[in-house]
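Here come two complexes built around chain A, the first alongside chain B, the second alongside chain C.
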Partner chain A sequence: MPIHEKSLIRPENIISHENLEIDGIDVSGHWSTFIKPRVVTDYNEDTEEEIAALPGGEFIHRCWQCGSCTNSCTVNALDPEFNPRYWIYLARLGMEDELLRDKDRIWQCVSCNKCTYSCPRDVNPEGVMKAMSHWLELKGHTPTSPSMQFDEEFSGQVFETGRIEEGRIIRGFFKRTGQNLMQDWLVELVKRLIRGLPVKLLMTMGLANIFRPRTRGWGPAREAIEEYVAERKMADRKALGLDEPGIAEQESEQ
Partner chain B sequence: MSEADGKYRRVAYYPGCALEGSGHAYDRSTKALGKELGLDLVEVENWNCCGAMEVKNIDPKLQTYLSSRVMSIAASEMGFDTVMAPCNGCYHNLKKAEHDLAEDPATVAVVERLSEKAGHETYKAGDIETIHALDWIREAIGEDGIRERVKNTLSGLKIANYYGCMYTRPRHIFPEKDQGPNSESTYEPHFMDDLLRAAGAEIVDYPLKTACCGGAHTLSDCDTSTKLVLNLLEAAEACGADVIATECPTCHSGLEMHQIRAETRYGRKTGVKMLYFTQLLGLALGIRPRKLGIHENVSDSRALLKEKGLA
Partner chain C sequence: MSKPVLVIGGGPAGLAAAHALASVGRNVTLIEKEDRLGGAPILSGYAKLVPSGEWAKDAIGGMVGRVEGNGLVDVRLNTTVKAFDGTPGAFSAILSDESKIDAGAAVLCTGFTHFDPVNKPEWGFGTFQDVVTTTQVEQMISSGNGVRCPSDGRKPKRVAILLCVGSRDRQIGREWCSKVCCTVSSNLGMEIREELPDTHVYIYYMDIRTFGLYEDLYYWRSQEEFKIKYIKSRIAKVTSDGERLIVKGEDTLVKRPISIPFDLVVHAIGMDPNVDNLLLSSVFDVELEGHQFLKRASTYDSMAGTSRPGVFVAGAATGPETIDDSIAQGQAAAMAVLSILSQAAAE
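Right after this comes the complex of A and B.
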């Protein structure tokens, strides 16, 4: 097995001795720092396949670890621990425990597609990030991320009426995530918006609530979509070896 | 001149959800520009959301279906072969749908099934060419055409052009780009630069043209978006820009929103103004600012435009 990089150089994997003599040579201090040898036995051979079964993850097997994705990544520039190449590596080796250390970061991918643009192997790393986020949530390793909550709010409105209305999305999302709408910066934003055109604000934030924009004759499309989404969800759960959503889980989603 | 062959002089117009809300000024200025230039925009009848990033995250094939319905109506019900989408998100999704329907049989199967159940023609790859508002103006009018029509030159206005992510990435959904001279570049896009330069503006060298504004998480991960936007704004100012020209409603409102958030939350105030490229071209062609929705922009550029003799 190739070396598994970061996991070798965390504090708990390092041994150092105040005083150490090896073969009669004093190697105290700097020279006495060693990385613990480690044999990986707790890998899960199904991890890669499970992620590949979720939308976006299909081509994870193509990765040859060149690192172009991480090198070009928008979020990596803000947070060096955000490392798509490394996560793909761990997923392919089935090192779930290592992957789970970063479970609260993966959803932060902003879908800029810089990785997909620079990937020489057509892995679609952006899609893999989404598949990994889904995988973490489906497996119960993370709660539904704010990003997923937003996607669900947004998509729910599209499925229902064919279109979205932004004010409704914002209110729906803040409600879902238990946030207060009266945030200083949002209030300031609204103030500056009103300065421009109060009528527009009324239209988008108020009237659209009563006259919701909708696509005419959307009913059959809505039914077809809902049926498809339900099938897709079942297929995803099946691929991950999960049962149908139980009552407890449905309740916890409320 | 390209006017002679009439390319893109009459196209199906797909505004998308954002242009009915926060991107209203983009819709107004696009229509005003079309009217001024004698270009017909025929709105796609009874359109639906393209699926945006959010439906793609739920299921990419479902997003492809939603985008395909828009193209299906334009082609089968309205007889058009070109759809113009000014929003980068819509433009990207229609392009992506076109690519996936040409390349991926599994996607075709899902789209066929959903279209049939929804009761409309299944869209067939190749029936529609999707273009951006930038392609539209550039092809139908061109830089020379703009130059001839300028009434108020933008000279003295320093502009950084911001294209964002969805206009160029990933490369494979834009087969017409990177085809040498005269085509758009995915690495260093220049269509907006060319048009605004033709209108007299001074284009600054802006290295973050295709950097990300964090639009996908503009509300779900505000701090990340604010950092990304602040970087874009401060870099534009460092390049000497008065204005960031935009060509996407989501980028535009993201820049405006997080400019305010950076100020209220982090005390980082920036003065650069955001204007849609359609607003800037409209001003150069002598269209009244009100008709271009300049007063609707949250980042208030009126004092600057007055100072430059443009409003």
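Right after this comes the complex of A and C.
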């Protein structure tokens, strides 16, 4: 079918020919532009189960596509293409190609949980969004997102010492994300803090940065937490068939 | 002794009417055209019923046993009514075996006919062996043989249930919703998943009408506990790639054409008016309503009435109905019969 409103179609689905002759008639250029039909030809039954196996994704199968999540969504109000309902649908039916087109949007969920409160089926869409981002990352479709980097830096410190120290988190986060620490706004912030805060507090903060105090007797807690985190990570990877190439290969051969 | 009440049709509605009348001491002649009582659930071999979860052969079989064992009910199998004449309290009927009986009143409980999906050839029934109906799947389950592809007896890995086959379709003159098929389909889907946990079940729908209390018990439960997937779409066509069936249509939520392989495609067939309705209408001189079901008189002044005084109607004869409602209507018709007979006796 020749088309005119090209802006409505995804560029990769537009086929056009420089020179095309049909039945002796020259239909080059404008007249030879076609839309490639995008037919769903199969469902991948594993996608839903994989996402459901990640924390937050447990209730994805309850979704009946009412759209309440998208209607209440904070990010959707800014970006109409941000559509949790749609992604839940794609994930449920295993339309992975479609899901991957939006891989750079999905992680933009701000975890405000408005969707969670409006969902009539208790799907916990916020959790599903988190699981979906996690899935994309574990499968190697997206790099670790900045917010995940922040979370890792933050929780890493808590696990290690039982405490957090803001200055260290900011430095660690900037380092992980390859950002320069000497950013104008940050330098200005620190200057003002120094000007505004009581000297005693500033001293405590400075010392904390140098000596890294720990919560007393934290060792056993740290071990337990680290063990749990490692277990959880193993379980997540296993659910996605990532650590056992042997099994995945056997299945795909059948 | 008072004249018997003629009950035509031995399905859930007729069994309920006959039992109710007999239990207050009335004689009943129960006319059934098939060789067994029980109606669609027994004749078509349904599996577990909505909403009780009981096997049809136990639940409806129990109703049959109660009627057959009752001395006041005279059961005539393989029989129909050829002629019917008279006035309330004094009717007479000639049966297909030429016998003549008197009756005080008549209750038509003649039910429905299953839609025959060869009338929707584009959906592959009659062309591909592995396209079957909900009644066939009910039989696979109730017979204990399990759900299999008829072509080669294999266990299906992926099953599609197409809703509204022969309902809500102006193209073929079926403008009604058959009311039970959404719930029956989600029930069947759960039974399939129970038997074959590795089989995936997809239900293609226009609207889901699991009305009343069936919402959470069937629609929700089938998704939450049994992981059945519901896809909003209208199927254009069922074909085959030589190995598997291919279901083609449009997924209206992603606005995309679909062309998905399946092992087994199940038509959720609707409830047609009984093929005998024109004959019944002329023999009993009762009117049909616009869809060719038996016309019910105003419910507000004559429970279970037809256009003819003394002739009553109950169950799926009046339009798509559930078993529970058919039974309730059978009992209501019995009540209406009693009140008209006591009036006739007083006059």
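Here is the rule we use: the second predicted complex is superposed on the first by the 194 of 254 C-alpha atoms of A that agree within 3 Å, B and C clash if a C-alpha of one lies under 4 Å from a C-alpha of the other, contacts with A are read in each partner's own complex, and residues count from 1 in each chain.
As a working rule, a residue touches a chain if its C-beta (ideal position, glycine included) is under 8 Å from a C-beta of that chain, and two chains touch if they have at least 3 such contacts.
Just so you know, these numbers come straight off a predicted model, no measurement behind them.
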| Is it chain B or chain C that touches the larger share of residues in chain A? | B
| query | Where does A:K103 make contact in the superposed view: on chain B (first), on chain C (second), on both, or on neither? | reply | neither
| request: Report for A:I164: first if it touches chain B alone, second if chain C alone, otherwise both or neither. | output: first
| message | Per the contact definition in the header, classify A:L90: touching chain B only (first), chain C only (second), both, or neither. | response | second
| query | A:V40 contacts which: chain B (first), chain C (second), both, neither? | reply | second
| request: Show which residues of chain A both chain B and chain C reach, each in its own complex. | output: none
| query | For chain A, which residues are in contact with chain C within the complex? | reply | 37-43, 45, 48, 61-62, 64-65, 86, 89-90, 92-93, 95, 98, 121
| Contact set on chain C toward chain A in their complex | 200, 202, 220, 223-224, 227, 229-232, 251, 253-254, 256-261
| note | In the complex, chain B touches chain A at residues 17-18, 20-22, 24, 46-49, 51-55, 57-62, 65-66, 69, 110, 113-114, 117-119, 165-166, 168-171, 186, 211-212, 214-217, 219-221, 224-225, 227-228, 256-257, 260-261, 263-265, 295-298, 300
| message | Show me the residue ranges of chain A that touch chain B in the complex, using the header's touch definition. | response | 55-56, 74-75, 78, 108, 110-114, 116-117, 124, 127, 130, 145-152, 154-155, 158, 162-167, 170, 173, 177, 184-185, 188-189, 192-193, 195-197, 200, 204, 208, 213, 215-218, 220-221, 223-225, 227-229, 232
